[in-house]
Structures are given as C-alpha cells and as structure tokens.
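What follows is a short report on a single structure.
Chain naming follows the written order as A, B, C and D, and within any one chain the residues start at number 1.
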Amino acid sequence: MATESAAMFDTDELVLNMGPQHPSTHGVLRLVLRLDGERVKDVDVVMGYVHRGIEKLSENRDWTQIILLTDRMDYVAAATNNLGYCETVEKLMEVEVPRRARYIRTILAELQRIASHCLWLGTHAMDIGAMTVFLYAFRERELILDLFEEYCGARLTYNSMRIGGLPLDLPSGWDAKVRAFCDIMDSKVEEYEELLTNNRIWLQRTRGIGVISGPDATALGLCGPPLRGSGVYRDVRKDEPYAAYDEFEFDVPLGTRGDTYDRYLIRLEEFRQSIRIIRQAVDGLPEGPIMGKVPRLLKPKAGETYHAIESPKGELGYFIASDGRSTNPYRFRVRPPSFCNLQGLRPLVIGHLVADVVALIGTLDVVLGEVDR
Amino acid sequence: MVDDQAPGDDKAAKPADGGAPASPEVTPAASPTPAVAKPAAAAAGTKPKPKPKPKAPPEAPKGPTDPPPPDDLERPAYLVALQEALPDAVQAISYWVGDWTVIVPATALLDVARFLRDDDVASFDYCSDVTASDWPPREQRFDVIYCLYSIRRRHRIRIKVRAGETEPVPSVTDVWPAANWLEREMWDMFGVNLTGHPDLRRILMPDNWQGFPQRKDYPLEGPGEFLLESPMEWLRLRNMVDETEME
Amino acid sequence: MAETIAFYTLSVLILGLAVLVVTAKNTVHSVVSLVMTFLCVAALYVVLEAEFLAVIQILVYAGGIVVLYLFVVMLVNVGRPPEEHRDPRRLSVLGLGLAGAMLLEVAGIVAYSYSRSTSSVTAPAGPSPVQGNTEELGWLLYTDYLIPFELASVLLLVAMVGAIVLARRDL
Amino acid sequence: MIDTVFWPLVKIVVLLNAVMVSVTFMTLLERKVIAWAQSRLGPMRVGPYGVLQAIADPIKLILKEDITPAKADKVMFTLAPIMSLVPAFVVFAVIPFGADPFYYVADINVGLLFIVSVTSIGVYGIILAGWASNSKYPLLASLRASAQLISYEIAVTMTLVSLILTAGTLSMVGIVEAQQEAGVWFGFIQPVAFVLVLIGGLAETNRAPFDMPEAEQELTGGFHTEYSGMRFALFFLAEYANMIVISAVIVVLFWGGWLRPFPSVDALAVLDYIPQWCWFFFKMFMVLYLFIWIRATLPRYRYDQLMRIGWKVLIPIAIANVVITAVVKVLL
C-alpha cells in the first residue's frame, strides 16, 4: 500500500505531439513536446514535411529556371528569394547590374519585407489571441500584393527578377501608387501599435518570454529580427550592402532585452524603415536600362561563391558552385534563415508553457517552405 | 521519435541504382570505386557494365577549381594571423569573386575553427552556413564548407575541408552551436562521416530514408531507389514507423 | 400525492445511483454516479421545501467537492486500467457489522424522536424573529449553534493550512 | 392544475425555444460584429445580409456526421455535452424578464444562489468531455477549463455576496425591486462588483481574453476537439446560452433588470411606455455586445496569468468588497 501511494504521487511526463497539422505551427512543423503539467521540459523539432529537394532540383535546372524555384522557398517573400539568387549569380559571373534595376529591386524587396512582416504580425497576434490584428495586417498585405500583381502579374510567386537585372520595367503610374501605399502604411503601423504595443495582455504575453542574450543568439546562428532583438547589430543591408541599399538612409532597430516583445517592436520599426527606404528609392529612381550585359547562354566560369541578403526572416544566403561546363549550377545551396531561426526554438521554449510555445514559433517567424525547401 | 534508429552508418545507405552491385565500402576512398565514378568511367570508354546509363553527363568535373589568390592581392589580416598561428593547418588559400577560402585538413578543422572564433583579429563569432558539395570522381569526394562571418569585424571567410566517403570530419557544434542543425542537414543530404555530433539524426528526410539525396550519383527522379527495388518492403517499413511514432 | 410519487422516485434513484457508485469498475463512472446521487438528494430537499439546503447541497458537494474528486481520479488514472477489486469478501464481515450498527443507530433515533414527538427537534431556543427557510437557518447558525459553527470553520482553516503545507514541499 | 402545471410548462417550452433561437442569432451577431470590427462584411450569402446564416449553421451541424472516437468512453462522451447544456438552460427558469409573473417561470427565494449552484454543475460537461475523448489536447483543455471555472466561480460568488448584502434578498425579482426602491441601479452603487462579475463572467463562459480552454491556436479547439455534428452543437449551444445567462444576471443585478433608466425620476415616466421586457433585452444585448467587442479586441491571457488574476487579484478584491459593503451597510 505504501509503495502504491508513493507511485501515485509520481508525476508523469506528458508527451504532446504538436503538429504537423496544428493551427499555429505555421505550416507543417511538428513539435514533440515533453511536458511537466503544462511546462515544457524538452522539445524535439521535426520537419521536412514539405521537403521538395529544391537544392537537388536546382542542380538540374538552367540558371534562369532556378529563379522560379526560389519563389517556392519562402513563399511569403518570393521577391527577396529571387533577389538573393540573382545577386549571387551576378556576383559569380561578375555582371554589373544597372542602377535603375538595383533601385527597383530594392523597392520590390522592401515591399516584400513589409508584406512578409504583415503576415508575421497577423499570425503572431492571432497565435496570442488577437484576431483582429490578423485581418488588419492582411488588409495591408493585400495592397502590396496588388502592387506586385500590377508589376509582374503574380501575387505570390513573382519570378520577378532576372540574372543581370529585371524582366520588366515599372508600369506607368506605379511609383505614385507606391507612394500612396507608403502613406497608408504609415498610418496603419500606428494602428497596429495602438492595438498591441501598450496592451496589457499583449505585454504580459510577450515581455520576458523567450529571452535570449546577444552572444547566445549569435552562437545559435539566429538571424534577422530575432538576432537584432537581442541587441546584436547585424543587418546584411548595412554590413554587406547589396542592391542599392548603400545609397539610402535607414536605421537598424535593436532590442535590449531579447524577448518576444522586443522582436515585435523591431519588426514594427522595420515597417517604418522599409517605408523610408521605399520613399527614398521611388523619389530618386534613376532612368536607364533595367538589364545588364548578360550573355544569352548563362555559363559562369568555374568557381564558388556565397552571397547573403537580408530577407524579411534574416540572412538568406546562397552558396553556388559552377563547374564552368554545364548550363546548370554544380552545387546550389540555400542558407535558409527560417531554418537557422527555428534552431533557436528549443532553447527558447524550454521552461515555458504550452501557450508560449505558439507565441515563440510566431516570434521566430518561420516559413516551413523555406525550412524544408 | 527520439529512440529511433541510430543512423550513424553511412555505408549501409549507399545508393545502389540501376543494379550496380559494386559496394563502395570494400575500398573506401582508396580509389574511385565503380559505383561512384561511373560517369567518369563511362566517359573514359571502359565498359564495366553491359547496361550503360542512358543519360550520363558528358563529362563530370573533377573538382572545384579553388583558384589561388592573385599575387598582388593583399591578404586580409585574419588569414595572415591564421597562417602564423597554425601554419600546418592551412593547406591552401583560395580567392574567387571576393570570397576568401581556406582549405584545411579534417584533422585540423577544430583547431582552425577555435582559432578563428577566439582570435581577436578574426573573431568569426557567427557560423552562417555549413554545407557540402560532392565531386564523385575525386578521391576525397566531399568538400565540407563552413561559411563564417564576424559580426564584430564584419568580414567573411569560408573554411573548406576535403573528405572521403568514410573519412571522419569532426563536428564544429561545440565551437558554433549554430552548426548543429546545419551539420545534421549536411549529413542527411550527403552522408559525410561526421564525428562528435551530439544529435546526428535525419532532419529533412524521413528517419528511415535510405541513401543521401544530394550526392551526385543519387537519381533526381523516382521515389528513391529503395522503393524501386522492393516497394512492398518499403511500404512495410513505412507503416511500421508510423505505428511506433505514435508514442 | 405528487410529493409522495416524487419522494419514492427520488429515493429509488438515489439508492440505485449509490449502488452504482460502489459497483462501477471505472472510477470516473463511479464519481459521476456520485454527482447524480447528490443532485437527486438536492431534489429531495426541494420536495421537502428546503430550497436553500438543496442549493447548498449542489453548490458545495456536486459543484465543488466532487469536481475535485474527479480531478484527482482523472489525473491519477491516466493511462491506467481500472484496478480490479481485490478479494471483495475480505472486509465483508466488518462491512456487515458497520451496516448493522448504523441500522441500530437509525432505529434508536427514530424511536427516540417518536417517544418525544411533542417537542420538535429543530425548534430554536428563542423565538425566531425571521421568516423563511434561509433566514431561519442563518438565525440558528448565529445564535444556538454559533460555537459549533465557528469551530467547524476553524477546523476547515486548519485543514486548508495543512493541505497547503503538504502540497508545497519547499515551504 | 392549469396554474401550477400547464402555464409553467408552456413558459418553459417557449423559453427553451427562445433561448435556442437567440443562441443561433447570437452566433450571427458575433460573426457580424467581429467582422465589422475587422473591416470586413461577415456572412453575406445566406439571405439578405447573411441573416439566414443563423439558420444555415444549425442545419449544417445537425446534418453532419456524428463521430465517436474509437477509444473514447462512449457513455461519458455522450453524457458530457448534455451535462454542459442542461445547467445552462435550467438557469433561465429564475431569470425575470419583467415585473409581472408572466415574464418568469419561477421566483424562488434563493434565486441567485440557485443560479450559482446550477452553473457550477456545467463544469462536469467540460471535464468529462476532455476525459472521455481519450485524447491529449482535450484532456489538457478540460483541466484548464475546470481549474478556471472553479477559481473564477469563487470570485464571482464572493462578489455576489456583496450584491446580496446590498439588496437584502436572494430572489432575482426581489433584487430588481430593491433597485426600484433604492431608485438607482446597483451598477452605480457597486461598480467594483460589476467589473468583477463581468471579468468572472468572461472567464466562466470561456470567452476571450480568457478562452484558454478553447484556444484554437494552442489546443486545437480545446475540450471539444473530438466532437462533431450535433454533439459539438450542444457544446456550442451551452457556451452561448451561458453567455446569455451571464449577461442576463449582470442586467438583473447591476442594471436594474426590466427597469427603465432613472427609475425614481418621475419626469422620465414617459419611458415606461416602452415595455419592460424591451428594456431587459436591450440591456442584455448591450452586455452581449460588450462581450463580443472584447473578443474582437484583446489578445488571450496565458493560463497561469489567468489563474494568477483569479486568485491574487479578483478574489482579494471581492472579499474586500464584501467587507466594505458590510461595514457601510451596518453604519448606514
């Protein structure tokens, strides 16, 4: 009897399988949580459910055909994926991109950043239970998608860049629409702030949740807003300028505490900075060609390079090796920011509650299409 | 999930496509084995099999060029420091379109990694990427590539380690925790013989996957050679895993 | 007439459910039967026009205590098959003895109350200045039975403190 | 016989149907209000402006296949939705929609206590649903829900004590009459109590921002994850019926029930031409609207924060409120 009652007071570990079909794992992420009550003791992150082998596929495609494969990685930020790939190949081929094309690329990339952050804000807020923000954010994202549709005809997977420049010039009147959008977005960011920034519940749900120090975040390879949220000054746009970023003024917001709330503030500030960049780019848009001098048959010289850009999620790097003989890359490797950020989930989550798990998945802003590729 | 197979053995997972029974583990990395060097062998005119591959690439590259830097180019301070501190560790230095690469032997990898992380001039505190590329004709077929970045000093470097199929490559997870998953993915895709990794499991492919998809001799199409060989067995294994996964 | 029907129906229900409480193999089923029993008892109180008592019966027993029972039962039983009854006849002698004693006691009380049927058992000492069931109960508790009432509350307080001390090991 | 059996039965039937219909339209109202809050239109397809959506939804739920999971406890799985629905409906018996006995089923002298005790039974439906589903998410959710219900019940009941002290009666009709005599709605005398009951009511009905038990994003729907079809609809009915109950109780206790504004000011007697039940339903609608508005606006609390608020904030305030009310009552 004594042993029995002792056994009855043992606490069992509850293994909870979260996903891959779960409303807030942002796709097909699966978490195997080991719970003590509702507190997470350990988590095993399982992924690969949408692994399509984009790297392998790309090694068997033309250099140009790969652009449309990159659309499918981070499908909420297709333009930055295009940009990163095209920049890398241009670096490998040492192609000069005309200034106008670089400006337009910057505008597209920053619009894309706003769109991606809108989606992040909506889903993150939704995970924490603020469902109205979700629809507000999607309302603004819709405006950007309209702009993209007008530019290249597609709303999600744009295929909007080419190696050496751009396939299309801006439609007439597009810049005015972008300016109008910037004005709208300015006021909408205020609206998001009103709804969330000083909301007591929002503060309680995000402050002090998922704290990670700057050195830890660096060591873990976090990138983008999660890294900057811990106060590490790292923004590829500033550190290794690409496209036309060295010609614009913008600030890199940094966090101080490294918690979910700081990462939220940073992304909200990035809305404003993106708008600032877009305004400068639209105002200073130079005339000129949109396509550089690129041979018709792309066949870079044998060699390898790694090039990174700042995608909305963080450092999006491409490692590309050309063998100099075939018309496809010999090795095509993507350094997916979501993948590296997702690696930070385990240390962030341990010790928190189940309800925080969804908040932390949200704060890392992972897109499973990019994690799995 | 956690207590699934311990897939540390990359020999068992050699793709055996098209009925080429040559097993690479007989002569590991000693000479280009028939299976791995088949395209090269076909190009050379020798005919090891009566059934040649219909779509063999015309000529397989022998390996990356790794061009040396031009003589008039000044080497960055961190490279000089590295060469001074560990002169034996640097096999070669390569420069291409603005990227510096040091090629180090696998045995010296950890020393180089620690030096690059801790040295004040270098201070490569951020491990951007770990990946590999596969050059089957070469004796040491894998290039394991570490893309490093220094947030403090804002410069980049790549470390490259050449490794044969069974040659051990130490894990740098202790140096940069970021390498944990990246190495897992590299192992998952290439089957590089990683040693000392804390959690070496498949990451993108299913746990019971056979073969390493990113290798150049792995077929692009088809649901995997294992499925082609014995679909019923594949189905059985798959169902079994599904049941045991249900905790 | 209607009251009689209600009384007997409820009595049968209570007895049947009470038997279910002790015979159900699954502990959760047994606890649910217990809840039903309490609800029927409450209904019985309503028939006796003791609404306050009925409501308190539901609130305290059905809505409070048994919920905690259910909690414990659910948590302890997760993933375990319901335990088989061990030798059911082992304690039957003791049980029978207790039942007999209980019967004797009830019989004694009935006989005693019949023998003194002139004076009401529940009559308050002083004249009650209030009307109604609830008020009367309150009046009784705070006049005649003040000390037992306060003692009971102190007892509950002690029990609560004890439970907290037991539950928190790091106190 | 007609007075004691027939009329009450008729009233019960009418009331039950009215509650069911109002629940369906309540869902439509919720969808519409939230849609407007979110700058969209909400249901627009079924009927003009989507008003018939309220009919289409229940029909859909009734026609859906009713699935019982293979490893569920069949008896309890069926019993749970019933156990959560019945208390929610029983409570309507004592809610007075007007001064005339025609407007309520019963006026028992422990009306308020009756409501508290009967609603406390509703927790069984949730616990048993979670347990009987034999699935982890519902189990976690039902644990959350029952812990939440029990803790907030304490706070709400404590607060109600101060109301009882103010009104001097437990009868629902009596409480409204007391407000008439006092000439002021108790919401103005006991604003703290109103806020407490409102928060507690939100928590007890598992509404945002306290909707952890049903947190779709965390627990994939909560204790009714495994339910479908009509049994799910029963939970749905129970939840919304509970909302209506809570709003009705709030109206009776704090906003004068069927009374017009400023019941003691004769100059406004013209307002009496509006029927009493209209006042009641108007006030109830306002409270329900408040519930929906809150849901559209606020994020969700975390479970431990919710419990902390319940035990460390609401209950102490409620107890303090009782003490203060008692002292004031004795002094006056």
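The rule is short, and it goes like this: contacts are C-beta pairs under 8 Å (C-beta built on N, C-alpha and C of every residue); 3 or more make two chains touch, one makes a residue touch a chain.
Since this is a predicted model, take the numbers as computed values, not measurements.
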For this session: Point out which chain occupies the most central position, where each centre is the mean of Cα atoms.
Result: A
For this session: Work out the mean Cα position per chain and let me know which chain is farthest from chain D.
Result: B
Exercise. Quick check: more C-beta contact pairs in C-D or A-D?
Worked result: A-D
For this session: Report, in whole Å, the distance between the mean C-alpha point of chain B and the mean C-alpha point of chain D.
Result: 63
Exercise. Distance-wise, how many Å sit between the C-alpha centres of chain C and chain D, to the nearest whole number?
Worked result: 29
Problem set entry | chain A and chain D, separation of their C-alpha mean positions in angstrom | 43
Problem set entry | Centre distance in Å when chain A and chain C are each reduced to the mean of their C-alpha atoms | 62
Exercise. Can you list the chain A residues in contact with two or more other chains?
Worked result: 17
Exercise. Which chain B residues touch at least two other chains?
Worked result: none
Exercise. Which residues belonging to chain C are in contact with no fewer than two other chains?
Worked result: 78
Problem set entry | Contact set on chain D toward chain C in their complex | 73, 75-76, 79, 108-110, 113-114, 116-118, 120-121, 123-124, 127-128, 131, 139, 143, 146, 150, 153, 170
Exercise. Contact residues on chain D for chain A in the complex?
Worked result: 34, 37-40, 136-137, 140, 144, 208-209, 211-212, 215-220, 295-305
Problem set entry | Parts of chain A lying in touch with chain B, wherever the complex brings them together | 15, 17, 32, 44, 46-48, 51, 53, 55-57, 60, 91-92, 94, 215, 218-221, 232-234, 239-240, 302-306, 308, 315, 317, 319, 321, 323-326, 330-331, 333, 335, 339-340, 342-343, 372-373
Exercise. Inside the complex, what are the residues of chain A that reach chain D?
Worked result: 14, 16-17, 22-24, 38, 125-132, 135-136, 139, 195-196, 199, 201-202, 204-205, 353-358
Seminar exercise, completed: Residue positions on chain B within touch of chain A in the complex are 1-2, 57-59, 61, 64-65, 67, 96-99, 101, 125-129, 131, 133-134, 145, 147, 151, 154, 156, 158, 176-182, 185, 189, 202-206, 213-214, 218, 220, 247
